[in-house]
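You will see chain A twice below: alongside chain B first, and alongside chain C after that.
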Partner chain A sequence: MMKRIFALALMLITLFAWCIPVSAEDELPDYAADYDWDRLAGQNVVLNVYNWGEYISVDEGEEDAFDTIAEFEALTGIKVNYTNFASNEELYAKLKNGGTAYDIIIPSEYMVARMINEGMLETINMDNIPNMKHMDPGFVGLDHDPDNRYSVAYMWGTVGIIYNTTLVDPEDDVESWDILWNEKYANDILMFSNSRDAFGIALKKLGYSYNTTDERELQEAAAALKEQKLLVQAYVMDEIFDKMGGGEAALAPYYAGDAVTMTAENPDLAYAVPREGTNLFVDSMCIPKGAKNKEAAEIFINFMCEPKVGVYNCYYIGYSTPSATVKEYLDAEVVENPIAYPDQEVLDKAEVYLALPDATTKLIDNLWTEVLGMAGSSPWMVPAMMVGCIAASVGINLWRARKKRLNGE
Partner chain B sequence: MTKLRSRLAAGPYMAWMIIFMIVPLLLIAVFAFTTTAPFDRDGNRLEEEEAALIMEEELAEWEENEVPLEERESAVVEKTVFTVQNILEVNKYMPTMLNSIWMALVATVICLVIAYPLAFMISRMHFVSQKMMLMLVMLPMWMNFLLRTYAWMTLLERNGLINRFFGLFGMGPFEMINTQGAVILGMIYNYLPFMILPLYSVMTKIDNTTIEAAQDLGASRLSVMLRVVVPLSVPGITSGITAVFIPSVSTGIISRMLGGGTNMLIGDLIDLQFLGNAYNPNLGSAISLVLMVFILLCMSITNAFDEDKEGGMLL
Partner chain C sequence: MRKLANRFYMGLVFLFLYIPIFVLIANSFNASKSRTVWTGFTFDWYRKLFHNETILKSLLNTLIIALIASVLATLLGTLAAIGIYNMKKFTRNLVINITYLPIINPEIVTGVSLMLLFVALKIELGYVTLILAHVTFCVPYVILNVLPKLRQMDNNLYEAALDLGCTPPMAFRKVVIPEIMPGIMTGFLMSITYSIDDFVISYFTHGATSQTLPITIFSMTRRKVSPEVNALSALLFVAILVIMIIMNVSEMRKLPSDQRRRAAKAEKKGGRA
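And then the complex of A and B:
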């Protein structure tokens, strides 16, 4: 029932959300007239786009919906084959295994860095992307790709703590990662199930960098995570959205972009960015090596940087835009929301994930497996299994002997 | 001539099996016994630390001279070499594996206990009712697997339907989701039909006259069951156990959805090696291989019961 009410509320809010751009619609600038959009039209070009789920504006039947893909196809005459991935790691595994050809991928910054290091990305010809001029200078030349040779920022956000105000004691300090270790909330805490994010939170709590390669610091983080495991209700990713919305848990780390939607849907929820610093993530558009239609991909990137497209995508996704022009066209209410566009102070303390050396990545994953695997292995499990196996084999033999005797008689 | 023709007819399936079963199986074996190791350009094996040092120096040099990425050519190359390290490393994950086997065993035993009387009851029913009951058994399987498991999430949650019901009487809320019990429940719910169907298909072949003959000879109800029905249904029991145990032991999604990731099973662990951060298909394959051996062992135990090698029909 709760779910149904929730779904209804969600529907109403999405409907309502769509009313906002209506007023702004006529003011939105049209696509750049001096760009040769349809130069590849009529050549049967198919563009394979691989993106996160729910990460582009689509037409869901609401009034005045904006279908990004359909608009792009109409404008350029290029056909788009659009598919989704669920995590950076899935994307990486797909590309690494080969056998698939994508022209556009939208990984997060640390995966961009890793892919650059491993030579998995094509350089982008910036002459084909004049819309880079709309970009906020703060999102040009980021640490993971200093010259923007391989990536163009699409959306960004921060990670914070989403909490249920009816379940969390107002006396407690939510602006610290420590609250995720507070025993008062045993079995009321959700945690990220992805090793990098989980370790990131533990490292920040201990005052270390997200990108540490120091084994001692990582061991300490693993110990903290083991300690936390006794309090954690579940290790999840996207499920946080539903579980927090339905009041299943009191506290969870989550992405700011989704927090905007969640706090709007459920007034009991609130969001805080911990003082110790947080993760700033930037999802960027890249062209993987082996892309069949590099030029079409560049046209697509340029299209995604169009202010009009950016505005619609922003309203749809709820994440923050790296484009200065798009920000100007957004409603003041959105731009002034501290969840989506936090103070400079927060951003100054925020840190992006960088690509880690192989040895560190392996260490983190090993430690993470240790953390997760711990509880299941109660000490009596091994002897119990042994006794079971022995009993089974004795049983079989006895049974056989008995049967033989019966047959013999 | 007919022999050749029948061989030709089996061709498509043989091709299918070779391409999609034998080859992947071999690939898993290859992955499990190999790893990538650093070599220098002359083909000499390097120690890990040595290679890391060389690469660090290279990187410093490149950055200093601002060599573009395309022109950077490392003196260290990665090559695939034979190793048993992966298999040895699986030892570290033994508790997780035993935990999975244990949970799958519990689920299988409960399935058997539930399914056996039910299958017997159905097999003794009137023909029309039999069809009806079988359809009821199959009905949940018409729905998507994920959807069925998702429904259990809604039921078991703290604010879920079951806890709300208990809440009416002032009880609870009980912690049901994210426990081992919830994972086992998910396994039982999802795989129970695979136990019922082979049992039914064997039992339906037991003629009523056989049972009547035993009764005429003075066998009590209990001994009819234990000395006639059970021995005759052994093939169904073994294939039922196989059909429930194997998917239960390797499941990943049930433990993730109902166990909340706090009860990691071997399926999750394998998933983590392929789609996780570290991306270690070699270790993932090694774990899969060890699991396969384990399953084979378990199967050989159950098959020992089935001496007639009849094998209950599945579905």
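And then the complex of A and C:
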């Protein structure tokens, strides 16, 4: 048996060994020649990169594949340990708990702000990142990091409404968050299952800021969400791809980059950005405190800002690039897609999430739990159930002992 | 008629158990990324899977960690079982109950407490902590599988071996180990299964240098789990199926036909007793 498991492992290892990266050269510009890429080569430098899942170009054997990590390792002689997280909160918890040493993390803007406030980030030495010159000025010095000392933008996007044109009445105004409250579509509406995005939509519908700390406004938003709950089919995240793709729901708010993918796969789907304003999110590369090799991390950030790398990552991920140079090299069809690169008017009205004070975060969490309908359960529920379980198990054992005794007699 | 109804019922049960896997396998051949719309047959996801280093690396990590952790857990667990078996009644019951605890304990509690321990001891989270954590939750399964085999063993066998000139270590190697081998193997296989399966404990104890397959899959949920994972799951399912078939066939071959019948009879008897 053990031999067979070994054999299985060996088989998989051999299959793994096939993966010889194939890279095709386009007329894309090569890596900057005036940058000393391999200054840390041969010193056994290891870089720990912690990124979102599916958020970097990997080689999948396509004609024009680009393996970002392998290219970086070959260019700089720095070895990369690459691991993934699924949410900003998960990333935050992992760093706070300690015991780990990441050199590069890629949180969203509100988490960057929170980490700056809590002194969790290193300042970045911009002398090591000359590729900042490629950056669109609109993505330098954003509200969450005004002097750009801690973060370099990687990808960005907006939130909008994805809708099925065959199910939504063309008379109805999809360019407003109000449509997610339209009773006509009862049971055909999907909604974010994370509190920040869900509250954001309710706040915008009511005309408030995403970053409000006013308790009354948040209470109002919660009331609106409760009202909407009667119409909502499900609170979901990535299930949106399947539900919308399969025509199981008519309307769903989601991220623009994913809307590009969905509309391309199902021509019935369309995307609209509500005119009340929407959320602009920016995921940025940062170096956490405790990083073992700050210079290597800076080389990595500079590498990620190379036009060639940016272009491949953009095609792979489907989100929008903050780099003006990368945008020039993208296919016209991508750059002209208003879903990925909306008009300035939309961007002007868009707002980024900022770090909220602890009290507000807690209030939102409580209100969200209330909206989802878990507030009805009393805090005694769990202990009571545990006592019940123990009593039941004692009872069963006593009953069995009695039965045994009776049988024995 | 009754027989037909029985068969039908059994078919329903199997359908219920296996439909999710068949849906998954079917989807691994779906040209579209969607799980609901069928757009055509393709081998693309399999081809992409064998190029995707993130997935393959974490699969390799998972297999290596499972193998090392279950070998260590089997060694530790077997020795512990022998020790426990030879204890006085009170201590034995006490220790057996303590070994049950990690199994009953919610995984999340084990995960968090292990993480706190590693952080307090200043061990950097990574390969080492993952293996230690996996050994921790695998050991009880080995103990619980080896103990009954020890109880079934005839103690006189060991003494007879000593009488016939074995030294204690020799008797242990030649008599005790072969007797309890089925228990050791079951414990080992269970450890491998649980180790490959584990998400919660690995989630808290993995670090910057290593990540197992379940964590890689979980991290895809923001952007939608890639169909390459369907392809990988289908391959794992087929690999395990093939192993099971080979095992059963080779076991059948080992026994000549009349002996097979006798073995079946003996098994029936054993089951009743």
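In this text, the second predicted complex is superposed on the first by the 348 of 409 C-alpha atoms of A that agree within 3 Å, B and C clash if a C-alpha of one lies under 4 Å from a C-alpha of the other, contacts with A are read in each partner's own complex, and residues count from 1 in each chain.
Keep this in mind: contacts are C-beta pairs under 8 Å (C-beta built on N, C-alpha and C of every residue); 3 or more make two chains touch, one makes a residue touch a chain.
Small disclaimer: the values here were computed from a predicted structure and weren't measured.
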Output check: A:Lys229 vs chain B and chain C. Expected answer is one of first, second, both, neither. What do you get? first
Contacts for A:Leu347 in the overlay, against chain B (first) and chain C (second): which applies, first, second, both or neither? neither
Between chain B (first) and chain C (second), which, if any, makes contact with A:Ala270: first, second, both or neither? neither
Should A:Ser195 be classified as contacting the first partner (chain B), the second (chain C), both, or neither? first
For A:Glu60, is the partner it touches chain B (first), chain C (second), both, or none of the two (neither)? second
Name the contact category of A:Glu248: first (chain B only), second (chain C only), both, or neither. both
Does the superposition put A:Val140 against chain B (first), chain C (second), both, or neither? neither
Going by the contact rule set out at the top, does A:Ala324 touch chain B (first), chain C (second), both, or neither? neither
Touch check for A:Gly373: first (chain B), second (chain C), both, or neither? first
Common interface residues of chain A with chain B and chain C? 2, 87, 246, 248
Can you check the complex and tell me which residues of chain A touch chain C? 1-2, 4-5, 8-9, 11-13, 15-16, 18-19, 48, 50, 52-55, 58-62, 65, 67, 69-70, 81-87, 97-103, 237-238, 241-243, 245-246, 248, 258, 261, 265-266, 317
Mind listing the chain C positions that touch chain A in their complex? 32-37, 47-48, 50-54, 56-57, 59-60, 63, 67, 115, 118-119, 122-125, 129, 185, 188-189, 192, 206-211, 215-216, 218-226, 228, 239, 243, 246-247
Sites on chain A touched by chain B in the complex: 2-3, 87, 89-90, 92-93, 96, 116, 119, 187, 193-196, 229, 232-236, 246-248, 357, 359, 361-362, 364-366, 368-369, 372-373, 375-377, 381-382, 384-385, 388, 392-393, 396, 399-400
Complex contacts: residues of chain B adjacent to chain A: 48, 52, 69, 93-96, 98-99, 101-102, 105, 154, 157-159, 175, 177-178, 180, 256, 260-265, 268-269, 272, 274-280, 301, 304-305
